[in-house]
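In the two complexes below, chain A is the common chain; its partner is chain B in one and chain C in the other.
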Partner chain A sequence: MTYLAKPKLLSADAPRNALGYTRRDYEGAISTLCAGCGHDSISAAIVQACFDLDIEPHKVAKLSGIGCSSKTPDYFLGNSHGFNSVHGRMPSVLTGAALANRNLIYLGVSGDGDSASIGIGQFAHAMRRGVNMTYIVENNGVYGLTKGQFSATADKGSKSKKGVLNSDSPIDLAALALQLGATYVARSFSGDKEQLVPLIKGALCHNGPALIDVLSPCVTFNNHSGSTRSYDYVRQHNEAVNRVEVILPRDPIEASYPPGSLRRIVQHDGSILHLRKLDIDYDPSDRIGAINHLQERQALGEIVTGLLYVDSSAQDMHSHLNTVEKPLNQLGDAYLCPGSKALHALNDALM
Partner chain B sequence: MKPTDISAPDYLHKVVDCQWACPAHTPVPEYIRQIAAGDFAAAYLLNWRSNVFPGILGRVCDRPCEPACRRGRVDKEPVAICRLKRVAADFKEDIHELLPKAPTVKNGKRIACVGAGPASLTVARDLAVQGYSVTVFDSGQSAGGMMRSQIPKFRLPDSVIDEECGYVAGLDVELRQNEWIGSLRELLAGNWDAVFVGTGAPRGRDADLPGRKEAAAHIHVGIDWLANVAFGHVTKIARRVIVLGGGNTAMDCCRSARRLGGEDVHVVVRSGFDEMKASPWEKEDAIHEGIPIHNYLVQKAFTHDNGRLTGVLFEKVQAEYDAAGRRSLVPTGEPDVHRECDEVLLAIGQENAFTWIERDIGVEFDRHGMPVLDAKTLQSTLPRVFFGGDAALGPKNIITAVAQGHEAAISIDLFCRNEPLTQRPGPLVNLVSQKMGIHEWSYDNHVSEEARRKVPVKTLEEALKDIKLEFELGYDLKLACGETERCLNCDVATVFTPKLCIECDACVDICPTECITFTANGEEDELRGRLKAPAKNREQALYLAEGLKTGRVMVKDENVCLHCGMCAERCPTGAWDMQKFTIDVAQAGAEAPRS
Partner chain C sequence: MTSAQSIASINDFVIKFANVNGSGSASANELFARAVMRMGVPVAPRNIFPSNIQGLPTWYEVRVSEAGWLGARGGCDMMIAMNPQTWDRDVASLDAGGYLFYDSTKPLPASKFRDDITVLGVPLTAICNREYTDPRQRQLFKNVMYVGALIALLDMEFAVAEALIVDRYRGKDPLIQANIHALRLGYDYVREHLPHPIGLTIRRADAVGERIFIDGNSACGLGAVYGGATVAGWYPITPSTSVIESFTSYCRKYRTDPDSGHARYAAVQAEDELASIGMVIGAAWNGARAFTATSGPGISLMQEFFGLAYFAEIPAVIFDVQRGSPSTGMPTKTQQSDLLACAYASHGDTRHVLLFPENPYECFTFGALAFDLADRLQTPVFVLSDLDMGMNESLCKPFDWDDSRRYDRGKLMTYEELEAGKDFGRYLDVDGDGIPYRTIPGTHPTKGAYFTRGTTRNAYAKYSESGADYVYNMERLRRKFDTAKNLVPAPVLHAASQPTRFGAIHFGSTSPAMAEASALLEADGIHVDTLRVCGFPFCDEIMQFIAEHEQVFVVEQNESGQLRSLLINEGEIDPKKLVRVLHYDGSPITARFISGRIADALSERKISPIRKVAS
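This part shows the complex of A and B:
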């Protein structure tokens, strides 16, 4: 961390997006996390993704629970709506917010403690209900705030900073999300923004529950040899199945790839995902195949990253529930209280 | 692109834009920190070592450092470096005890300097402390050269010149005023071990136009007129005055005229307003004093009525550029403009005059009448004669004269020791970590976002009444301290150690100006385009380091780095460190590199 606020001075050449904002305009307060924390890189990736997508900051609601990861919404999108909820309860608060106003972009930020331990029930139901959200898990395998005890996602056999071996089986949140019905599932690494930023952009454009499990080394308690969440370990065992490029309808398509190596997926909002295949046999539209692939590779000690699964025709909770288009707070009295005539008509219909 | 070798002295020196731009390489950020710490004497002495005349330059320097200042690339205006220099001079205590003394035992070498301007006095100072016996010959009543004769007293009071020339004289330098050297041959007969010529560019260019001779009584060559004003020979001017020319001399002429009774003073310049040679702040000062500047007008004739000047006739021109971007001024074809006036001051250029140097004694001159010199050593074709200042390579400014004085002094020292002049001593360079704790540095890394402080001035009414009244008051301590905070400490360098880096991206994410990128290496042009923020300023280097585990390289664009140290504060492994770079450019007496 640092005590100083970032100086506002900026070169006149600093890039600006279609709204005229610089990346700096998407930042928040100065981070108080440890120097070198992977979470800060994820915050920077979120800033980059929102900048690239020309998102108006006031159209975003960022919600979180408790933990190092859940502090981070303070450090990005300083001009967006924010809600720091109870430990593990981000998914249900977010679900409520999404039901009340479907016009915002919902970004849930959580950690492996918040989502895989205390909040796992919440996590499961947000996924299976199809809440239209981007759910980012900043996964470092330890409880950083309480000095580095293993979390529920820590690999069996991995070693803590004090030398203790983990004897419990890990929860794979990506595999769980696949099983629970998430329609956009990805895994990435905080130290690889080239992979992470497009995955976040794709998730923000996705219409349905999008989970990104981001391995994010805890530089203080989980970056030693014997850890399976250190910068070195993740880099050495990273097996990306594809590289994603998000293309908005307004962008010119420039890249050309050898035949068969590219997969083009058009999402609900018109955004196009260009998947450059690294594993030629991997099919990101096959949910069961994805689950199997994850399990197989995990058994070999590999960390599978990339866009693991996407359902381009996904529908979200609002279409399941057939809710009203308008945000609830914009529905007038006349609409909400149609009067005795309407009541009679309803009563008559029940007779 | 090849990895950057930051141990090459020039690399980090260039990062300190102000110091690099200063011809005398004054360590600007260091003296600004000393001012901030209230150590004015130390700040003054640091300046004195580099530029010899801090009090003078703090008022009238051409300030090549300020357009170069990094702050100007990220903020509206650069740090007021020049005016902070004046603060050091204004607020220091008596520094006589802190100045070096000339050795009591001399080395037996005798050096003559001709002219007592900034170049000669620099040579004298540099050599006197090394044990040389230096004699300065000057035709004026007191030392200072053009600093005393050309610059109006309302910009540079005599007391400041007296003080700083006095420090040089105090080093056992013999100042022989009122001695005009009329023959170099005769001077050389005096068995000097070396002679330095620092006689400036003493001749103002004249305008040989119709009416010039007839109205001669009302048309003056600017620098002569300024000298006459400086020494009290001229005390008034007519009501309506035209100053021809667009350099700083023109600005001094028009502002002096305003103070001597010129109520309707106009400056007329051939070029466009923006291309004028005068410094922007001098133009501002003139306009502030109610002096209009008219551009694109070329003088054609002086009109007169039986020898009484009635005005100047101008041809209207416009600028046209050829394919190579060269400008020519072409008549517009519009009718000529006649502007009425009672007196004209000509400030259209200065020339050298070496009538006192015989052409058969071995000092060669080129077809422009300039001495043939080695540009680096400043040695003439007669080995023991050296040139410096405006006399050497044409009119420039005080700080350039000082820088050339240092070089000439090195040459004279090497020459007197029978060492090759081309093997010149290199700079002393040091690089030291400034880390004091996890978030503590031995410099103030907080970046001020405040605007440049304006220098308080006398009211126009007071200023125009008295030509000797100094117009600028200088910063008071509160303004000065605020202004020091604006310095970005560019001499505290970001130093990267690749083998410590774990590539966590913390520095990339925190950098306020997005100047750090980790990426695959490539050719510089292509690399510049794909950095986090494109590096468009080709004059500023890319700092590239390799040796990272992923095989990528770290690229830092030096252009807009704020030297805030946030990368180093955020770095979990100390791969980034803030290290103070000191470069002490060699002066006479320094060890030359051994081959």
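This part shows the complex of A and C:
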């Protein structure tokens, strides 16, 4: 992500990852979002996460629906194929793409309108179906492109820029994802890159549906007093349960932590999640505990962030479907067409 | 009660079985139909069923036709009246001189019968109660027993039905014995107690030939397997569900990796039709051949996605098994009423490629072809079947496949081409046919990636709100649609025995009724050339056919004349030239209906000038 066209030439000492790529190689077109938009910070965090993980950009497919958030995949990973689909339907398009080729990394980017209103059905079913994806909701509580209507995640009692009180109950996508069977659930804040980048990295390494609900203030329509999605409000109410660090199998180990303060989780691909506990009693492998914690703290007005839940032994949709290892889109004619001999035998049976 | 004018016919009549839904009659009725076929006489069976699982009336109609007419005929020569609920209307629906077969265990008053029909009573319940103790067996074997009775009444060969039972239950000897016993009970009762054969008889013939017997939905599913489909996103809806069931069942058989036992396909039951078509579009965008199967209400729900696929140029195959409409309409009745909804599906200026199979053979061939066309044209392709074709087994030519055929994956730009520096503009018309090149995600590390959008972009897939870019794109899409004209299957002409000024255009499952109607009309000295349209966009041959005839009847199974509207719109045809012949009550169109309407229309034409002279 970038606002301004940058010179093509890179300084010789620009950091390079194991693939020899610089961060620039993970950027996309120039953002057209408002200056200060939280979404641009999320795009930058995605760039950083992919750079850190040495992901080949063309092995990522980025899909979105419609809205400000859904425009962003154009602004990062310019060498990845992207699909700006229809409003609220990114999950099904991504599911289909994932069915076609199990070997790509799928990144779904959506917003609160796209996922919690028009697309809540598809959101729910992608989670319960076990689609192997990173699902990032850029959650600002408001419809930006149509100029400031409340979305379904806006808190009851919060005030719009025009002074209207929201009377509807909010949908908590992280809580919903926990209930629906997502196997990696996190919440973060676009203004906290230190927290967000490792959470995205952990999600990209996860095998199964990974949801990150990122509170991402809308500077134009939802950053005023009375809003519960403004930069100030989120900073003041943010209560992180942990801090994550993602350790790749190749990385040297390891920092020392006071006993009991660190939890180590090995994911399916060998990556290791180091969870530094901020809330000593919080157990991110306890799904029901996580749901309860969210409810209790939200009732107190806190915004709970961090890695809320992870099931490191999760299996994805392809293992449920028992599909072949080789991506379906790469199977040649001979693997697909039963041929004339089989057809003749079938004809005989149909006479 | 035998009437003097009983219908007499060999190998040419209609028998209807009136049953209760869920009573297990379907397999017995099918046994009868297959027994007739095994004697070399073609049959055209049809289920007439409610939108219900158990308890409501259901009918199975078997048209026996040595001449090979497979369309519905209308009328009924013999009724197997097994459903007390529908007794009165079943009896009333018999043609005069017809035969009524019933369970005579309980006596019925004379008022329940007609005096112009032959009544044949067999005490099925009494025999069953004597022979079986298990209630379920009493029900099931009652069905087999009436088939045994029919074998005797119609002078069929007992051994043929016996052999069918042996085939069906191969390896399950107790079942074979029990079924043959029941068959024998019915057969023997008739031989001992009733005059037989009746006026309707089956005589061994050789008119079935090599043909196979299968329903259109199974054939569509098989077509998808042969067409190389690997991803199916779907949502259950009558009458299309069995397309997917067929696909997955053939895939289990043909697409299970012999070494690993893994599946070389993925079929996902989606949460709704929006998600099913979304999955198809995502999979196709990612280079897999993908399809869905649905019916009218699903087509309505998928509209937004069709527009996206059209504009983003993504191959997708949709099997639409049409049913009675609008809205939820008549879910278990047939119609051809989704034509316009599919041809111009979605908002804005869209138009789609449609294929119209006539029978299961074409469900298979067009089904497989649809995947090549979708990849070649990078657009959704609709295969429009209907309930009559989809859910009824029908005789058709055996399937064939050319092993030298390779899937046409269309214009895919490869790693090598990108590496060699070939210019890649996702929406650039390089070859003048309107079809651009595409890349599959993951093709090349640094070249060929693009951002797919349903909104305006330039030829290089960059976001653009420029009017000129938009117009370039729309003109290219129009060229692409013109290219499709000659890729869809050509229409099938059937010329009348004499040159004629009159033509008839039809499509899909109307085909067998139309062919028979032509023969009926010919017999009355009325000559009509017929043209079966097999695809949309319409090729020039279709417009030429219209131009060459003074009057053209457009025969279709919907209320508004959708094919006619499409012809008028696309070919700029004078509406007066195209005469509607419309059948839309939910039952399949018949030859009697078509020939009657055409004959009436032509006689009106001849009479009107005389009237003018007289006044």
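The criterion applied here is as follows: the second predicted complex is superposed on the first by the 332 of 351 C-alpha atoms of A that agree within 3 Å, B and C clash if a C-alpha of one lies under 4 Å from a C-alpha of the other, contacts with A are read in each partner's own complex, and residues count from 1 in each chain.
In the analysis below, a contact is a pair of C-beta atoms (placed from the backbone, for glycine too) under 8 Å apart; a residue touches a chain by one contact, two chains touch by 3 or more.
Everything numeric here is computed off the predicted structure, so don't read it as measured data.
When the shared chain is aligned, chain B comes close enough to touch A:R23, but chain C does not.
When the two structures are aligned on the shared chain, A:Y231 is found in touch with chain B, with no touch to chain C.
Of the two partner chains placed by the overlay, only chain C lies in contact with A:A342; chain B stays clear of it. Looking at the shared chain after the overlay, A:H268 reaches neither chain B nor chain C.
Comparing chain C and chain B on the residues of chain A they touch gives the larger count to C. Looking at the shared chain after the overlay, A:G191 reaches chain B, while chain C stays out of its contact range. By the touch criterion defined above, A:P217 reaches chain B but does not reach chain C.
When the two structures are aligned on the shared chain, A:C34 is found in touch with chain B, with no touch to chain C. After overlaying the two complexes on the shared chain, residue contacts for A:R243 are found with neither chain B nor chain C. Chain A residues in contact with chain B (one complex) as well as with chain C (other complex) do not exist. Residue ranges on chain B touching chain A, taken from their complex, read 73-75, 439, 445-447, 449, 502-506, 508-510, 512-514, 533-534, 536-537, 549-550, 559-560, 562, 564, 566, 569-573. Against chain A, in their complex, chain C makes its touches with residues 210-214, 222, 225-226, 228, 230-231, 233, 250, 254-255, 257, 260-266, 268, 270-272, 274-288, 290, 304-305, 308, 312, 398-403, 406-407, 439-446, 449-455, 462-463.
Residue ranges on chain A touching chain B, taken from their complex, read 1-4, 6-15, 23-24, 31, 34-38, 40-41, 43-44, 190-191, 193, 217, 219, 223, 231-232, 235. Across the complex, chain A meets chain C through its residues 29, 56-59, 61, 63, 73-74, 78-86, 89, 91-101, 103-104, 121-122, 124-125, 129, 317-318, 321-325, 328-331, 333, 335-340, 342-344, 346-347, 350-351.
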